[in-house]
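Note that chain A is present in both complexes that follow, paired respectively with chain B and with chain C.
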Partner chain A sequence: MRETGLTAGTEAGFRLKEWIFTTDHKRIAVLYMIGSFAAFLLAGLMAMLMRTELASVGPTLTDNPTNYNVWLYFHGAAMILGYQIPAVTGYFANYYVPLMIGAKDVAFPRLNAMSVWLFWMGIVVALLTFVIPDPPDIMWTGYPPYSIITEGNTAFYTFAVLLIGFSSIAGGVNFLTTIIRMRAPGVTWGKLNMFIWCLMAAFVIQLIFVPILGDAVIMLSMDKYLGTHFFDVAAGGSPLLYENLFWFYSHPAVYVILLPAMGVLFEIVATFSKNRIFNYKGAVYGGVWGTVGLSGVVWVHHLYVSGTAEWLVLIVVFTTLLISVPVGLLFISMVGTLYKGAIDYKTPMLYAAGFLFLFLIGGLTGIPNAMSAIYIHIHGTQWIVAHFHYVMAVSVTSAIIGGTYYLWPKLTGKMYSETLGKLGFSLFFLGVNLTFGPWLYLGYKGMPRRSYDYSQFPEFEPLQRFITYGSYLIFAAALVVLASWIHSLAKGERASANPWGSRSLEWTHTQSPPPPGNFEEPVNLPEDWDPYDYAGNR
Partner chain B sequence: MSKILKYRYGTALRLFFLYTALDSQAHAEMGKEYATPHEGWDLLWWTLMLDIVIIGVIFAAITLYLLVKYKRKGLNDVGTAKPLNALASFGWVFIPVFVFMADDVFLGLENMKHWLDFRRPPADALTVDMEAYMWGYEVKYPEGITLQNELRVPAGKPVRVNLTSRDVIHTLFIPDLRTKWDALPGTGLFLWFHPQKAGDHVMTCTEYCGMLHSSMYGKIIAMPEGEFTKWVEARKPRSQAPAEQTELKPGGES
Partner chain C sequence: MENRITSHEAQWHTSVWPLVISVGILFLGPLAFSFHFVYKNPFLTTLALGIGAPLILLSIAGWAKEGVEDVHRYSEGHGIWAMPVFILPEALLFVGFFAAYWYLRFTAPAWPPPGTPEIPHVIPLIMTIILISSSIAIHIAEKRLEEDNYPGFITWLAVTIALGVLFLCLKGYEWSELFHEGFSPSTNMFFTIFFSLTGFHGSHVLVGIGLFLCALIPAFWGKASKPFVTASSIYWHFVDVIWLFVVSQVYFL
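Let's turn to the complex of A and B:
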C-alpha cells in the first residue's frame, strides 16, 4: 500500500500539476470537494455577516444596505451553484460511480476533467464579486426588471451560471454513459446502489432543465447589455417570462440536490444498519423516478401571487402537493431500512438519523407552500427561507457532511476521531434547530425575506437576536467538523479497506484509498452478489 | 380546536361532491365558519398545522422507535430483514400513495375554497389604486386624494387595491390581514382585504427591489367609517375650495 495522501496516485508525494491535469475520477472528486467546501465556507461567512446585521434593528455591521444585498446574493448563489450541486453531482458522483459499479473510471475521463475545470472557473468568476466595482446585488434569482436596471455587474452572475451549467451538462452526459455502459458483470439494474439510481435521476433532470436556465440568464444579459427587450414590458416583453424560465429550472434543481443527497444517506443507513433497503423497487421506481416525473410540472408554485393565470395556479396546487407522494415513499424506504437492522451509531449514522427528523420538518413545512391560499401570506417571508434551509441547508448538509465522514476512510486512507465527529454533529443538530425553528415562526409572523433591516417590525428584535446566536452555534459546528478532518489527515490511524463492514463494492473490492484503475483485477460478481445483502437471505 | 375539528368534518363530507368546490355559486352557498378571508386563512392554517403535526408526530415516533429498538447489540450483528414479496412491495407503495393522495386532495380542495375567497372581491368594495415604486407606495383614491406610504380605509368595509409598479417588481404585503400580491410594471393586478376593526396595520414589500427594499413599508390605517368619510371630505381636492380648507387636518391623528 502506498502512502500518498488523499487518493493513491501514480507517484508518491504531492505534485500540483498532477492534480490540475488529472483525469482520475477520484482526484477529480477531491477537486470538486475542495471547491464546493470552499464555497460552503465562504457563503457561510456571508451568512454570519447577515445574521449579525439582523441581530438588531437599524444598522448593526454596516449602514449600507447594498453590502447586505451583495452578501445575500453571494450566499444564495454560492450555496446552490457552488456548494450543493457540485458537492452531490461532482464530488460524490465522481467518487462513487466508478467504484460502485465496478468500473476503472468514467466513460470520458477528459470530459470529466473539463467539467471540473469549468466548475472551478465558475467559482473564480463568482469570487470576483468581492473585487469588482458594483458587484451583482440581484439575489440568486436575478429577477428583471431590477437585474437589468441595477448598476450591479450582473454579467458575473450570468457567466458563473453558464460555466457551472456547462460543467453539469458535461457531467450528465459522462455519468449517464458510464452507468449505462460500464457496469461490471453482475451489477445489474436490479442491484444498483441507491446512490446510483438517485444520481441518474438527478442528471436526467439536469440535462432536461439546465439549458432553460442558460437561456434565461443569456436573455437577461442580452436585455441588459445588448438592448434586447425580452423582459421589458414597455416594449412588449414580460418579466413573468423570466420568472417562469428561472423556476422551470430552479424548482427541479432542488431534486437535483435532494435525490443524490438521499442516495448518499441510503448508503449510510444500509451500511450502519447492516440491512437491506426497505422496498428497494418501490423506492427506485416510485420514489426516485416518481420525483423526476413530477419535477417538471410544479414550478408555478413560486408564482402564485405574481400574476399567473388562476386555472394554472389551481392545477399546480395539486401537482405540487403530489410531490409528497414520491418523497414520502423515499422517506418510508429509508426509515424502513432501520427495521430489524443492527444500527451502529458512528458519526455518519448520526447525521443520517438526524436527517430523518430534520427532513421531516423540512418536508412538512413545504406543504403550506404548495397551497396557494396559504401561500398568499407566506410568500416572500422568512417562512420560505426557514423552510428551504431546513431542506437544503440542514438536511442536505447532513447528507454531505455525514457522507464525507462515511467516505473519509476510503478517500484518505485515514480514520477520523469519533469524539470530534460526534461533538460536531451535536453542535450542528442543536444549532440548526435553535436557528431555523424560531425562524419559521418569524416568517409566519410576517418578517419579509431579503431585508437588510426590519424597522417596521421592532417587536421581532429579540427573536432575531436569538436566531443569530443559534447561527453562531452552527458556525462553531462547522469549525469542529473541519478540525476533525484536519486532525484526521495529520494524526488519523490507517484505515482498513472496509472499516464499516459494508457490502458495497467500493468497500469490499478495493483498498483504502483505491489504486489508480480502482480494482486490482477486473470486477466480476457472482450471481448472488447484492450490495445490500448482509444476512444472506436474498 | 373543536372549531377546527368540526370544520374538518364538514369538509370531509364535501369532499364527496368534488364539483361543489369548483363551482363558485355552490362555493358561496356552502356556508362559512368565518367572516373575512383573513379569518378563513387562520382557520385553514391551523387545520393545516394540525394535519402536518399529526403526520410529523406519527413519522417521528416510528423513526425514533426503530432507531432505539434496533440499535446494534453485538459487534457482529447484522440486519435480518427479509426481502419483501411482490404483494408486500406493492402494498407498501399503494397504501402510502393512497393515504398521501387522500390528504393532498383534501388540502387542495380546501385550498381552492379559500383561494376563491381571496380572489373574488365583493362588488361593493372601496377601490383604490396603488403604484409601487423604488421605494414606496403611492395611493390614489377615486376622489383624487394621493397618499405616500399610507393607506386609509374605513373599518368594516371591504377594500380593493389595484396594483401596478412604476419600475421593478414589488409586493404589497399586509401581514395582519394575511394578504399580499405582486405589483408588476405595466400590468394591472389587485388584492382585497376586509379590516373589521379600526386600527393600524403594517404594509411592506416582500419582493426584492434594490437597495432600499427593506425600507419600503408603510401603514394601513383602518378608521371608523364616519371618521373616514369626514377625512375624505376634508382632503378631497375641490377646485373652488379656498386654499386653507384643503389643509384641514383630520381629527385625531397626524
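Let's turn to the complex of A and C:
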C-alpha cells in the first residue's frame, strides 16, 4: 500500500479529522502514546526541579515548601496516572491486542475512542494545576486530614483520578470482551501471546480495584466540599479508612503496570533470542494469575506504622513475601527464554536486559521493606523512594521505551537508527543507576523523603549533588531517545513487514504499518500455528 | 454488498462523539464542580454547566443514532458479554462504600449515633416494590421485542421508565422531608452514610433510565438494537439487586 509513517492512510497525507475523531485502535494507540509520553516529559521536568532543589542544603530554587509539594504532587500523579498506566494499558494494549489475536479492531471502537479522550481530559485537568489558583498540593496519595484542610484544590485530584479511572474501566471492559469474543480461528487460549495474558490480568485487577480508589477519592471530595464525615475524626470518621481504601487499589496498581510491561518484554525477549517462552504454562497460570490472586491481600504493608494490629502485620509480612513467588516465576521464565537462545542485542533487547537488572535490584530491595521490623527503620526515608523507582519507575520505563523501539517499525513503517538507540539506552542505564544506586544508600543512612530542605543533614550534600547530576543524565537520555524517534520519522529507511523475524501475528500477517481493518483477509490459522514457534529458525 | 464492505474497510473509521462527550464531561465534571465548590464563582459555574450539559446530551443522542443506524456496523452482540464485565466494577463501587460503612459503624461507640431519628420504613418498602416491579416490566418489554411487537415493547419500556422515575421521586420526597427537619449529610455519621449510599444508588437509577431512553426514542421510529436492550436490562436488574443491599443495610440493620 501507499501509506507512509504515522500518517498511514489509504490516501497519503495527514488529515486531522481522521485523527481526532478516529475509532481505529492503532491510531488510538498513537493518541495514548503521545499523551503518556507528554505526561512523562512534564513529570520528568518536575523531577528535575525537585532534584535541583535538593542539590544543595537550604533553599536552592525556591524558598516556598508549597512549590516543592506541587512539583511532588505533579511528578507522582502524572508519572503513575498519566504516564505508566496509560502507556501499558492504553498505548501497548491498543496497538497489540487486535493485531495479536487477528481481529479487525476492538469490540467497541467508539468506547475505545472515548477512553483515550477521557484520559486526555485527565491530562488537561493535571495541566490546569499550573494555571489555577490554589493548585492541589497533596502528593499522589491525597491523604486526609491534610487533603481536606488544605487550601489546595482537592477536587481536581478527585476528578483526575475519576476521569482516568473511568477511562481505564471502559478500556478493561472493552479489551476483555475483545479478547474473549474476537480471537481469530486458531488463536486458542493455550497459544495466546504472553502480552495478551499479562494485559488480561492487568485489566482484571483494574476492574476489581479501581472502583475502590474511586470510592476513596469520592469520599475525600464529599468530606471537603459536601460536609460528610468519612475521614473526620471529630465525628467518628477515620483517616485510616482512606489509607486502606487508597492502598487497596494503589498497591495492586503496581501489578497493573508491571504485568503488561513484562508482557511487552516477553515479546521482545522471545523475538530477539529466537526462542519459545520458557515454562509458558507456569508463567501464565502461576506467574500472571498467581500475581492477580495475591495482589489483593498485600496492601496493608503500606500501613505498618499507621496503627495496624500486630496480628494483621504478621499475616501481611507473609503474604507480601509470598507474592515474590509468582513474580519470580515470570522473571525466571524471561531468563529461561534467553537461555540457549540466539540473542541479538538490538536496542529493544538491550532495554529488556536492562529491565532484568533494574527489576532484580528493585525486587531485592523490596524484601526488607516487607519485613515489618526492618521497615520501621526505613519508613519515610529515601530508601523507599529509591526502591520503588527501581522496581517500578525505571524498570517499567525500560519496558515502555524498549517496547516502543520494538514496535517502531510496525507503528511507523520506518526503521530507527541503532546508533542513536544504543546511545540513548547507555545514557539511560548509566543515569538511573548513578541516580538511584546512591539514593538507596542515602535513604539507608536516614535521609527523609518528601523534604524540600535537609538543613539537619548537611553531610548528605555531596551525595545529593551527585544524585542530581545522575538525574540530569536520565533527562538527557530521554531527549536522545526522543531525537532518535524524530530522526527516524524524518530520515528512517522503509521497514519491511517483519524486520525482526518474529513469529507473532502482528509481524507475520500484516504489513508495516497495518492498513485500516488490519489484515488484507480474515485471519485463519492452521492447527500447528504458535506465536513463539522458532524451532525452524535456529 | 461485498464491494461495499471492501470500500468500507479501506477507510479509517471515525466518529465525532467520543471526543465531544469527553469535552462535555470535562466541563460538567471537574470544571463546574471546582467553580462552584472551590472557587465559588456562580458565573463560571453556569458557563461550565451551560457548555458541558448540552455537549453530553448531544453526544448521547448522536452516539445512539449511530448505534441504531449501525453506520459503523459494530453491533455484533458484544454488549451482552461486556455488560456483566462492566457490572463487576460497578458492584465493587458499592462494596467499597459498604465496607466503609461497616468499618465506621463498628468503630463507633454507639450506633446509630445520638441524635439520629427513626427513619420511617414505609417509603423504602414501597420503593423496593416499585423497583422489583420495574425489573419485571423490562423483562416483559424484552419479550415483546423478541416477538418484534414494537407497540408492546414501547409500552412496557415506558412502564419501566415511569417506575424508575417514580422511585426517584419517592427518594427525593424522603430526602426533602429530612432536609426540612434539619438533617443533612453533615449532621452525623449515620446521615453521612445514609445520604451517600442512597444518593449513590439513585445516580445509578438515573443512568439506567438514561439507557432506556436511548432505547425508547428510536423505538418510535421502529428501530431498536436488541443487544443494547438486553445489555441495558441486565444493568437495570443489577441496580435493582444492589438496592436490596442498600435498603437492608441502611434502613433495616
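Quick note on the criterion: the second predicted complex is superposed on the first by the 531 of 538 C-alpha atoms of A that agree within 3 Å, B and C clash if a C-alpha of one lies under 4 Å from a C-alpha of the other, contacts with A are read in each partner's own complex, and residues count from 1 in each chain.
By definition in this document, a contact is a pair of C-beta atoms (placed from the backbone, for glycine too) under 8 Å apart; a residue touches a chain by one contact, two chains touch by 3 or more.
Keep in mind it's a predicted model, so treat the numbers as computed, not measured.
After alignment on the shared chain A, the placement of chain B and chain C results in a side-by-side fit free of clashes. In the superposition on chain A, A:418 makes contact with neither chain B nor chain C. Of the two partner chains placed by the overlay, only chain C lies in contact with A:20; chain B stays clear of it.
Touch criterion met: A:219 reaches chain C, while chain B stays clear of it. Once chain A of one complex is fitted onto chain A of the other, the partner contacts of A:376 are limited to chain B, with no touch recorded for chain C.
In the superposed model, A:517 lies in contact with chain C only, and not with chain B.
When both complexes are overlaid on chain A, the residue A:461 reaches neither chain B nor chain C. In the overlay built on the shared chain, the residue A:108 is in contact with chain C alone; chain B does not reach it. The least CA distance from chain B to chain C in the superposed model is 12 Å. Every residue of chain A that touches chain C in the complex is listed here, in rising order: 9-10, 17-18, 20-24, 27, 104-105, 107-111, 113-114, 116-118, 120-121, 124-125, 132-134, 153, 155-156, 159-160, 162-163, 169, 172-174, 176-177, 180-181, 207-212, 214-216, 219, 221-222, 225-230, 235-238, 241, 244-245, 515-517.
Within the complex formed with chain B, the chain A residues making contact are 65-66, 69, 137, 139, 143-146, 149-150, 233-234, 239-240, 273-276, 278-279, 281-282, 286, 305-307, 310, 313-314, 317-318, 321-322, 324-325, 328-329, 331-332, 335-345, 353, 356-357, 360-361, 364-365, 367-368, 370-374, 376-377, 379-381, 445-446, 448-457, 534-535, 537-538. Every residue of chain C that touches chain A in the complex is listed here, in rising order: 9-19, 21-23, 25-26, 29-30, 33-34, 37-39, 63, 66, 72, 74, 76, 78, 81-82, 85-86, 88-90, 92-93, 95-97, 99-100, 103-104, 107-109, 113, 184-186, 188-189, 192, 195-196. Here chain B touches chain A in the complex through residues 41, 44-45, 48, 51-52, 55-56, 59-60, 62-63, 66-67, 70-74, 77-84, 88-89, 92-93, 96-97, 100-101, 103-105, 107-108, 110-115, 117-119, 167-169, 171, 173, 175-176, 178-182, 184-187, 189, 202, 204-215, 217, going by the rule given at the top.
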